[in-house]
Amino acid sequence: MSAALLELDGVSRHFGGLAAVREVSFAARSGEILSLIGPNGAGKTTTFNLITGFLRPSSGRVRFRGADITGLKPHRVASLGVVRTFQKTNVFGGLSVFDNIVTGQYLKARLPYWRTWFPGRVASARDADMRRNTERLLDFLDLKRRRDDPAMSLPYGDLRRLEIAIALAAGPELLLLDEPAAGLNTAEAKDLVRLLRVVNRDWGLSILLVEHNMGVVMEASHRIVVLNFGEKIAEGTPDAIRSDERVIAAYLGRRQGEP
Amino acid sequence: MTAVLSVDHLDVAYGQVQALAGVSLAVEAGEIVALVGANGAGKSTVLRAVSGLLRPRAGRVSFEGRRIDSLSPRDILRAGIAHCPEERKIWPAITVAETLELGAYTRRDAAGAERDRRRVYAYFPRLEERRRQLAGTLSGGEQQMLAIGRALMSAPKLLLLDEPSLGLSPMLVDDLRRVILDIHCDGVAVLLVEQNVHMALDLAARAYVIETGRNVIDGRSATLLQNDALVRAYLGA
Amino acid sequence: MLDLALQFTVNGLVVGAFYALSALGLTLILGLMEVVNFAHGEFYMMGGIIAYYLTGVLGLDFFASLAIVVLVMGAFGWVVDRLLIRPLRSKDTLSTALVTIGLSIFLVNTFLLLAGTAPHKVATPFPTAPLLLGPVVINETRLFAVAVAAVAILGTHLLIHRTRLGGAMRATFQNKEAAALVGIDVERIYGFTFALGTTMAAVSGALLGSIYVAQPTVGGLVSLKAFVVVILGGMGSFAGAVIGGLILGVAESLWGGFVSSGYQDVIGFAFVILLLLVRPYGLFHIRSERV
Amino acid sequence: MSIRWMVAAAMVSAAVAAPAHADSIKLGVIQPLTGSVAYNGTSFVNGAKLAAEEINAKGGVLGKKVDLDIEDGECKPDKSVSAAEKLIQKDQVPVLLGAFCSSATLAIMPVAQQAHVPLVTGVSSSPALTEKGNTWFFRATETDALLAKGFAKILHDDLKLTRLAYLGVNDDFGRGAVDEFEKAMTAMGVKTVLTDYFEHGTTDYYTLLTRGRAAHPDGIFVAAETQDGSILVKQVKELGINTKVFGVGSWATADFMKLAGDAANGIYAAVPYAATMPNARNKTFVAAYQQHYKEYPGKYSAAGYNVVNIVAEAIARAKAARPDAIRAALEKIDYQGVNGAFRFTDKHQAYGFDEVLVKLENGQPVIVATTTVEKP
Amino acid sequence: MRGEGRILLALLAVAAVLPLVIHDDYFLHLLVVAGFYVILASSLNLIVGYVGELSLGHAAYLGLGAYAAALVTTRLGLSPALSLLAGAAAGGIGGLVIGALTLRLKGPYFVIVTLSFAEVLRLVASNWVELTNGPMGISGLKPPDLALGRGLVLAVHSQAAFFYLVLVLATLALFVMYRFVHSNMGRAAIAIRENRHVAQSVGIDPFFYALAAFVLGALFAGLAGAFYAHYFTYVGPEVFGFSFMMSMLIMVLVGGKGTLIGPVLGAVLVTLADEYLREAQQLRLTLFGLLVIAVVLFFPEGLVGLPAKLRRAAAMRGEARQ
């Protein structure tokens, strides 16, 4: 485990008078899988939005590889190598699975704009590259059978994998996954854990994971950050978190009579 | 006692996504039953299917012996089931008093509605103080009270409560617990979905635990609390 | 100069009241239901033409005719919602905008066939003699029309804010699911709102048809002005629509009076453009900014 | 290099443009039948139909029936061009009657010229049309300049005008009329106190009229058609403005007076035609028109009636329904219409017909003065 | 080359030989008008179909192009070939300004503000008499003869010549659009339409690509306007009017938005239908209105979507039988 890749430094976000995220600080290290957990309404997705530029923090800074990325537009954050998925499944519904993944490689496929009309060899080489890469991702995520189906016709499990495929296609350094296991059955969740491990270990991607399926969290994460009511209440290894009284209280509620 | 609400082998799908697969449960008259499970397990979906917001793909829902799974929300409400939805869903630009009036939308007995209004104000004195305020200007806790009050205005025999403690401070959660008990004491059955498992199991006599759209355990709350499977359902193995 | 400014302001307020009246229906349909309704002007036109037939051809009393317009156009609006708008309820702005463009083309040309191309006048129930108020000239027709407009606006306002049905409408548009859960038949509320919007447009067409003219081709301009008023007023706000109408009326009148009539119609559009560049959600609109 | 064979093809197709059916002569009519001036276009068509019917009742022209081929040009340049192409190429009409709006007429003039088919307008009044040097175009009606020239003096002398406000609809007709009348009146020493234009379809003229009143004119000149004009004069009365109102447009019609109501009383209108014109030819026309359409003919009905008759007479004189022959005959025509004689100048502008100044009184256009359009 | 490109090439080949077999000038005229609408509808489709925003101000660029062409030829005496360029440039610049100002608006606001811009321009065209000759418009435009060099002039006078000119322009427009749509830029624009959030999260700047498509669309609308000016020889304020907007929108819709072939088919069919419905006289616009309603309700994907729809229906029947 090496230096901090992503750092949140006292980040807060208010909606009206309500603080959805309050003074949250943590760091994701390069090469690790860090999970962000907490009960409903704890501010996990808001934190995601604050990191990826979909929301601007009310205060505090976000740094990626030491550079301040606070308040950058989402596409700028993505172009730095921070790519996210969404809680409710989000893909390019009307496009085929293949085109979804091709579109995901937008950043890699960029050429000078005039090349749009005079593509030449460079563009066709780039195109061929992208196709190969797409086929590879289709294979890797077991979507080959669905190659030409429109994304919106996919069954749920395939859809969630497609979502991850799009994010991987974008070539991230840090991958942010928002509840990738929601709605998956036990076997599918196990596959997901395997997938995360391969991506992390073999492809060298760092992962920030928001997940409710504790099985997945406990198995996949190197470390865990716990939020409750917008504040960080714990940080540590899965084993430490599992036995943390405050975390258990946050999840199961306090027993009557406890302070 | 026999079950007022019985849900048998309920299947619900959102488009391609199967959300519930054969969920069954029962609520008896005047009873508080908790429905717990991890996020995304399908708890809210059960409530939405019971109140008619969703059409089940298979299975049946009966209330007081009558099948209700193809009725409109309006008819289900009239049959005596009120649903207090997740995230409160208050009407931000409508006053507290008017929200309660609208809660009695389907009722024809003015006297009864008046009685229920007084009852709601008795449960939640804060609402009476703020009756002229727009709902959007209330605090989170007050909005939750308003949402419950609105559901009670239809004089239900069964109240479906979806995550009422969500986003409330511990003090407010205690208040809420007391109110739910009061409602229960007034003879209303409650089907409670809660992520705060301790609160849920304290209140409920019985509970069902569901995981990824399926029943996993059910039983008396007291025994469930000792069950490791429950902790596992929340914090993983 | 002051007298002149006063007269322009009064003219503007009168016209503004008419703008507000003719835009109220659109406030409901565009503002609340978010249907970009290009047939609004045609609903207005239908009100005028029907009122012309009732008063001018059948010789009915103006107010009796108005009542018939309300009934006929209410039913018509309901049917339009049921057949054309409801199937597209979950679709995007594009689909409903297009379907109302089709409806608009259909209605204009059908009425050209049925009612002919000539302009008609709805029999006016009011005297038209000029009336002097100090230095300002106004006439009784307009005062009456403004009064009727005020009554219509107030009546609709009361309907929406003081009745059970109005409460159900507001509840439906603020949170549809919660409305369904208290037993409101949401689809019926949508249908009713569309019908009410249609009726309001038709009533203003009948009333203003007695002051201006009723003709199958008047709708286009009415639609455009109504869009301007609704946007200025902030989508769905009744008070906003009234203020938007008055602002537009007075601004046009002052500009036309002191600068040039030629560009008078530019004012409204220029306002809309400037307003939305500064405040992308309109003048009186409050919107939470959660993603 | 020019694409010669294509030009040749075009010329061939123009040359073979002969009447398709031997038993009838088709006249192509392009008028707005939909859109906001459809009302006026329909009046024209009604007049034209009546003329054709009368001609056919008398045995037609050259022993053949006259058949009107009516197309909707919507007063739009592109739609009018399509209508013209259809009439010329597909229906092979030997002559075109139209269009209404000057813009539409401007757009079809080159089409007629290229296809060598005469085009006769009975409505478009923009002076520029006959200045284009288009030898296939004829105008069988007044221009604003001719109307202004004819009546400026009468208006000035009879109404004793010294200060005038000019209000016109913002289109070619309104702007042309205001320009020409202002020029003519200024030449006689009348002071212009206000010139302003409003959009077609405007419903409220209070602001404009308030400005008019504030300029203290002793006369208001208005150039507008029925819909705009009737609302405007009504609002003049509503505002209690008592200055004399006069203008141009289809004002001497029953519809106008019905729409304007009492407000029409005492208004002057300079028009090329009024149903009350006393000549015998007109009386028969009015009677026939009333029988057909249950209303008095207006300016555009008369225009339609005249133009069909003029063209029919040209065909009869030419003894052939060929475009070039019709053009030649039109150049030498001397037609006696409901409002006097029609002859064409070298530029194909009609003259010789009467124009009248009418005063509207109790729903009747009472003729105050008559003048004949001299050869310019 | 993808399927779409092949079909377009085939259409081009068919179109290129049409004047050789058809000597009916009326029909050629209709084809010229259809060609004009092919450019116009395709340009609108870039915005409505590919970016997914309902711009009701597209007539603004048509008008800017038409007036630019009319003004540079009549006032500056530039050659008509240059005026086509001027028209495209005027449209493109208009698109850049209006797009930059409006693209951050959403839903009904965007619809009405774009419409407002077109209306403002229409009113300016009819009131700025010194420049535009007001409602009298600019007439007498010359045909766009192309000077190819010393004494070498490609005369565009006949219908057939105009047809070839519009064919060249439409081919150029569709080629540019084809390359755009099937490039990384086009994919980015489509991504925004399909899912704005996901597009942003893979690094696509939604504003930039929406604007790029907007400007490209406006540019070709301007080119169409310049062609219009030379073909009809007359330009008046009505070029900014809503009726052009409705026509092109209906074409995009009937043909099928979001495909390159859809608007082409739509433009040709609607132009011909509009003209041949003349037989139905005044009923035709009534029928037209009903047609629009029917397409929105029953064929939201337009003609292009029809085969797929039929296939799906057949598949459903097949399933039902099993």
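All chains are identified by letter, namely A, B, C, D and E, in their written order; residue positions are counted from 1 within each chain.
Quick note on the criterion: a contact is a pair of C-beta atoms (placed from the backbone, for glycine too) under 8 Å apart; a residue touches a chain by one contact, two chains touch by 3 or more.
Bear in mind the structure is a predicted one, so any value in this text is a computation, not a measurement.
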Most distant chain from chain A, judged by the mean position of its C-alpha atoms: D
Chain pair with more C-beta contacts, A-B versus C-D: C-D
Interchain centroid distance [CA atoms averaged], chain A/chain B, Å: 33
Distance between the centres, which are taken as Cα means, of chain C and chain B, whole angstrom: 42
Whole-Å gap between the CA centroids of chain A and chain E: 41
Between chain D and chain B, distance of the C-alpha-averaged centres to the nearest whole Å: 76
Junction residues of chain E - those touching two or more other chains: 123, 126-127, 282, 285
Residues of chain B engaged with two or more neighbouring chains: none
Touching two or more other chains - residue numbers and ranges from chain D: 33-34, 170, 197, 199
Interface residues, chain B side, partner chain A - complex: 16-19, 38-40, 140, 163, 165-167, 169-170, 173, 194-200, 202, 212, 231, 234-237
Chain C-facing residues of chain B, complex: 51-53, 72-74, 77-78, 82-83, 85, 89-94, 98, 101-103, 105-106, 147, 150-151, 153-154
Parts of chain C lying in touch with chain B, wherever the complex brings them together: 164, 167-168, 170-171, 174-175, 177-185
Residue ranges of chain E in contact with chain D within the complex: 19, 23-27, 29-30, 33, 123, 126-127, 129, 134-137, 139-140, 148, 152-155, 157-161, 164, 228, 232-234, 236, 238, 243, 275, 278, 281-282, 285
Chain D to chain E touching residues, read off their complex: 1-3, 6-7, 9-10, 12-13, 33-34, 71-72, 74, 76-78, 81-83, 85-86, 88-90, 102-103, 106-107, 110, 114-115, 126, 128, 132, 170-172, 174-176, 197, 199
